[in-house]
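Input: a single structure, listed below in structure tokens.
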Amino acid sequence: MKKSNIKNQSSSEGREVRIEHKKSLSPHYSLLTTKFQGVGLSDDDIKKGKVCTTHWIGDTKYAWDQGIAIGKYLEGLKHGKILGVECHKCGRKMVPPRMFCEWCFKTIDGWVELFDTGVVNTFSLCYVTWDVKRVKEPQIPAVIEIDGASKGMGIMHLLGEVNPKKVYIGMKVKAVWKSEKEREGAITDILYWKPIK
Amino acid sequence: MGNRVAIVGAGMTKFVRRAQETGKELSYHAAKMALESCGMTLDQIDAVVLGTAPDTFDGVHMKGEYLSDGAGAWGKPYMRSYVGGGTGVFSVAQGWYHIASGLIDTCLVVCEEKMSSYQPHAQAAFLTIFDHTTERPLKPNLLWIFALEMNRYMNTYGLRKEDIALVAVKNKNNALDHPCAQIAKAVTVKDILNSEVLAWPVQRLDVSPVSDGAVALILTNETIAHRVTNKPVWVEGVGWALDTSYWTNRDLCYPRYVEEAARMAYKMAGITDPRHQIHVAEPYDPFDYKELHHMEGLMLCGKGEAPQLTVDGVTQRDGELPTCPSGGLLGVGNPIAAAGLMKVAELFWQLRGEAGKRQIARKPKRGVAQAWGDLMQVGTVVVVGI
Amino acid sequence: MAIKERLNKASKAKAWYGEMPVESLYTVGIAGEKFFRAIKDEGKFLGTKCKKCSMVYVPPKIYCERCFEKLDEYIEVAECGSLESFTCVHIGLDGNRLPAPIIVGLINLDGASTCIIHKLGETTVEELCMGMRVCAVFKPKNKREGAITDILYFKPTKQ
Amino acid sequence: MSDRVAIIGIGATQFRSISPDLSYKELMFEAAVKAYEDAGINPRKDVDTFVTCAEDYIEGTSIFDEYVPDQIGAALKPVHTIGGDGLHGLATAFLQIRTGRFEVAVIEAHCKPSNMLTPDGIEACGQDPIYNRPLELNTHFIAGLEMNRFCYETGITYDHCAKVVIKNRKNALNNPIAGRAAKLTLDDFKYADGIACPLTDLDVAQPVDGAVVIVIASEAKAQALKKNPIWITGIGWCNGTPSLESRDWVRPEYVTKAAEMAYQMAKITDPRKEICFAEIDDRYSYKELQHMMALKLCCECGAGQCIERGITDIRGEFPVNPSGGALGMGYLYEATGLARLYCAVEQLRGDAGKNQIKNAKTALIQAWRGLPTTSAVVTILSVSGGNDGK
């Protein structure tokens, strides 16, 4: 067993240095002659069983507690409302809601009902799904600044009922809700956001 | 104040789409090469730090523990840090505070990523970086956030895709000279603009690939550095900052978290005029616009000015401020944490004049490496010099 | 209380359901490839030996985790060894009780410095004792696929 | 310049088997507010660096560090995550302060195991995917194998292990934040369900939800802010091998090495004599005894006799886990070490109520990261900052 290499914190002068001075400090190792390691395989090597593999499907399920802020936010969505919170110290009206103001580090001061309209802060036209499948008609994810909240307070959502070529930053949009019966208290209670004429 | 910390050795594996080696074996190859490069052995290492991004890629819970033997951690103080994509550069900061504390004399820094294990496609692993309740039900993918950010950036400063594409052209070409590069290729702006649209404005060739690979560095204190090498590269400054996770509440046009991290590192390094006091930069470039975004965050140019520098050729290897001379993530590959550390390894080789065909002619004395991660949220910065 | 407002009805405490999808395909690595090929094709165990500290790793590693030497000398070890520990597992991967418990052993193969973890078969937990001789029982050759499960289990042998 | 580092603030939530009324962010915020109040600081102004400890699969979120800054006051500040026990986080923050570039550091760890619907499936992902996972065994099998070998080689009996459980869960009765207090007898073990023999369900610490936040500072800052800081006089951490195949199944060498590092720093030569009480990892009953041996805290009669003779009882000669340990407080995953640190600081401050140990001046806290890891941290705390002795 090698002895622990950790030296006493306060004995900087009495420290044992295990590394001897190299007689010659000239490069004893050259990058140019190095053989870099790493064996690249092709898809076929795997598919045709040229190398051994193991396969695993995990069982990893969760039920995340919504807590106070998100619980109330989702409850609001169920009733067709977008709720935010406000901090009296910095004056911000925030969405999505949280029970604390992250900049003032204090508990928030109350709830505010926001509008279900907003402005496109930025967007994309996405031709691949989350699991990398190609789609013909693009999904249009966007950050939407919610009316009634402080400037720049947006949420991520999708745009719809719009020609992808006609979407622009600064476009005014309105939420399209699921029917009251179908709403379950989820971010998907809003189907998408459509342009306001 | 603190102790001076030097980088004395570096090692890396090839970056490949799918490695036969396990993550442990990749880590070993990089660590062993780093040790050999400075003639050290594992028993001369006091502590090991490991950087690796999400566990989901490997599908291994507590991945840091799983990789530890390959990283040389047996019987040693060992810790794994993570700040998403910022991990690679952060791990150097982690090694730095180990040694600057005076408690540890020599530290092996290893970064590994094996993304190919994830099925059906590594990109799908990114679904779970989004908020489980308010975002994941929308089935977002990683491209969304990049595309959203890129669009905001382009729109704010009125930038053209042609100009941004120059970054990908430069980096993929630079990578032709990198022996470990995965997708080095001579491409033109036209190739990039004609490549498949993934999530407009992001196209196929704007993006770095999915990769497997590992990189390692050896950090030591000043006394030992002088014993091991006559060309130590000093860690002059480190910085990191994490912005609010409410990313839709921020203006994505500017990475202020990178600026905060850079200010911390520059202050430590005594840099007051980064544009002139830094001779080579390795900003994080998983997407071409990110290099530009990060140059601005690093205050190497004003806001919205980075594309013009690229157009003017300033960031070429023979330019005034060579940027990503390694080929970056766009060219060499992007095994997340390992890619970040590769940037610091590149600076190490450039400053020592050992970068071979990639060597910058104008003998750089100081370089900055930076990585970025999470929900467009983390900046990690390391300044090194000779 | 740090937070001003609290939930005050049990019905208001709700959860959001989801998962972290895990589907992985692992290559077994450079050393693993040699190890599993030998099991699959020849029904034998290979290990690597460290020239510096004499550790014999079974399953093999391409490095010695203790002295970090590169290991490329593969040696064959026995398919029998001694039982270093054992346990009888009553719960499954889903946390539920198993209809029949599984006996698991820690087996030090003759010639190896390390142990293999595997199931024990053709025995009961009452019959087991520390240091007992056990041998590998392989799947029929045509059913082997190059995985640890090519070994069905280890079984005690009469001395 | 002084190298000393002190704990100046502690905050924790109650540890409960479920916590449906609060999200993880709200849980963290609660613990943070308490810690900052205790330290008398404003995190937005007074803290230089934040360290959080978490693992993605426990949270159910990839790159979980994304979601930590806001609720602990760390937005746009230096903050990062360590994939380790809370005490690894403490070691990290300690190193950072020792560089001289940071004065006040915050360490946070929390967990909500009640939110994991398939904890066994999640923990199985921690097993080696090539050599172990294909056997499809519940991860507790490792503890079964280890307990069997450990008892066989050391002569420690299952009754000794059971007495550890009885002691710890009893200690927890007087710890107001503990979530798994109970009054048990040896008879209860006769009816306990087997998990992986000889391990029964009573031998396993049961998970609880909770969050802990700790504030530490350099000497200058500590003395400016607080009259009675608790000093971190030693800290050490170490890993063994992650491979089940090549580890020592009886002696956790990595715990010994971590302890040696901490003892050396704290200038402790005879830990048994110089430390007043210890908070030792007891994720499984036998682990307390195994760890005591590795930490060199047993009297000559051995770990089994220590528990047999009541030496480690709360009123014994050398109390171990007066807080109730993981068995009595509940197992908090990455927050386990910090929860113990929280209780040890209360003891050293004289705030431990009915569980108060008289003249407690020096404490040892040890953490282990659970199966299948070989990863340990040891830290020594002291009231005076020197070597107080008993």
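Going by the order they are written in, the chains are A, B, C and D; count residues from 1 in each one.
What we mean here is this: a residue touches a chain if its C-beta (ideal position, glycine included) is under 8 Å from a C-beta of that chain, and two chains touch if they have at least 3 such contacts.
A quick note: this is a predicted structure, and the numbers were derived from the prediction, not measured.
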Touching both subunit C and subunit D (chains): A, B
Most distant chain from subunit A by Cα centroid: C
Separation of subunit B from subunit C, taking each centre as the mean of its C-alpha atoms, in whole Å: 36
Centroid distance [mean C-alpha coordinates] between subunit D and subunit A, Å: 31
Rounded Å distance between subunit A and subunit B, as computed from the means of their C-alpha atoms: 19
Two or more partner chains touched - positions in subunit B: 18-22, 43, 56, 58-59, 69, 74-77, 102-104, 120, 124, 126-128, 132-133, 244, 246
Multi-chain contact sites of subunit C, meaning residues that touch two or more partners: 2-3, 6-7, 13-30, 32-33, 61, 65, 93-94, 147
Junction residues of subunit D - those touching two or more other chains: 3, 20-22, 26, 29, 56-57, 60-62, 69-70, 75, 115, 117-118, 120-122, 124-125, 129-130, 134, 236, 241, 243, 253, 257, 261, 265
Graph class of chain-chain contacts, one of line, ring, star, complete, other: complete
Touch list for subunit D against partner subunit A, complex: 3, 19-27, 29, 36, 42-44, 57, 60, 69-71, 73, 75, 112, 114-118, 120-122, 124-125, 129-130, 133-134, 236, 253, 257, 260-261, 264-265
Contact set on subunit A toward subunit C in their complex: 39, 41, 46, 51-66, 68, 70-71, 74-75, 99-100, 107-109, 185-186
Interfacial residue positions of subunit B with respect to subunit C in the complex: 18-22, 24-25, 28, 31-32, 35, 41-43, 56, 58-59, 69-70, 72, 74-75, 117-120, 124, 127-128, 132-133, 136
Touching residues on subunit A, where the partner in the complex is subunit B: 2, 5-7, 9, 12, 15, 17-22, 25-29, 31-32, 34, 36-43, 45-46, 51, 56, 58, 62, 64, 66, 70, 73-74, 94, 96, 98, 102, 121-132, 138, 141-143, 152-158, 169, 186-188
Subunit A residues touching subunit D - in the complex, by the definition given at the top: 1, 4, 6, 8-10, 54, 56, 58-71, 98-100, 102-105
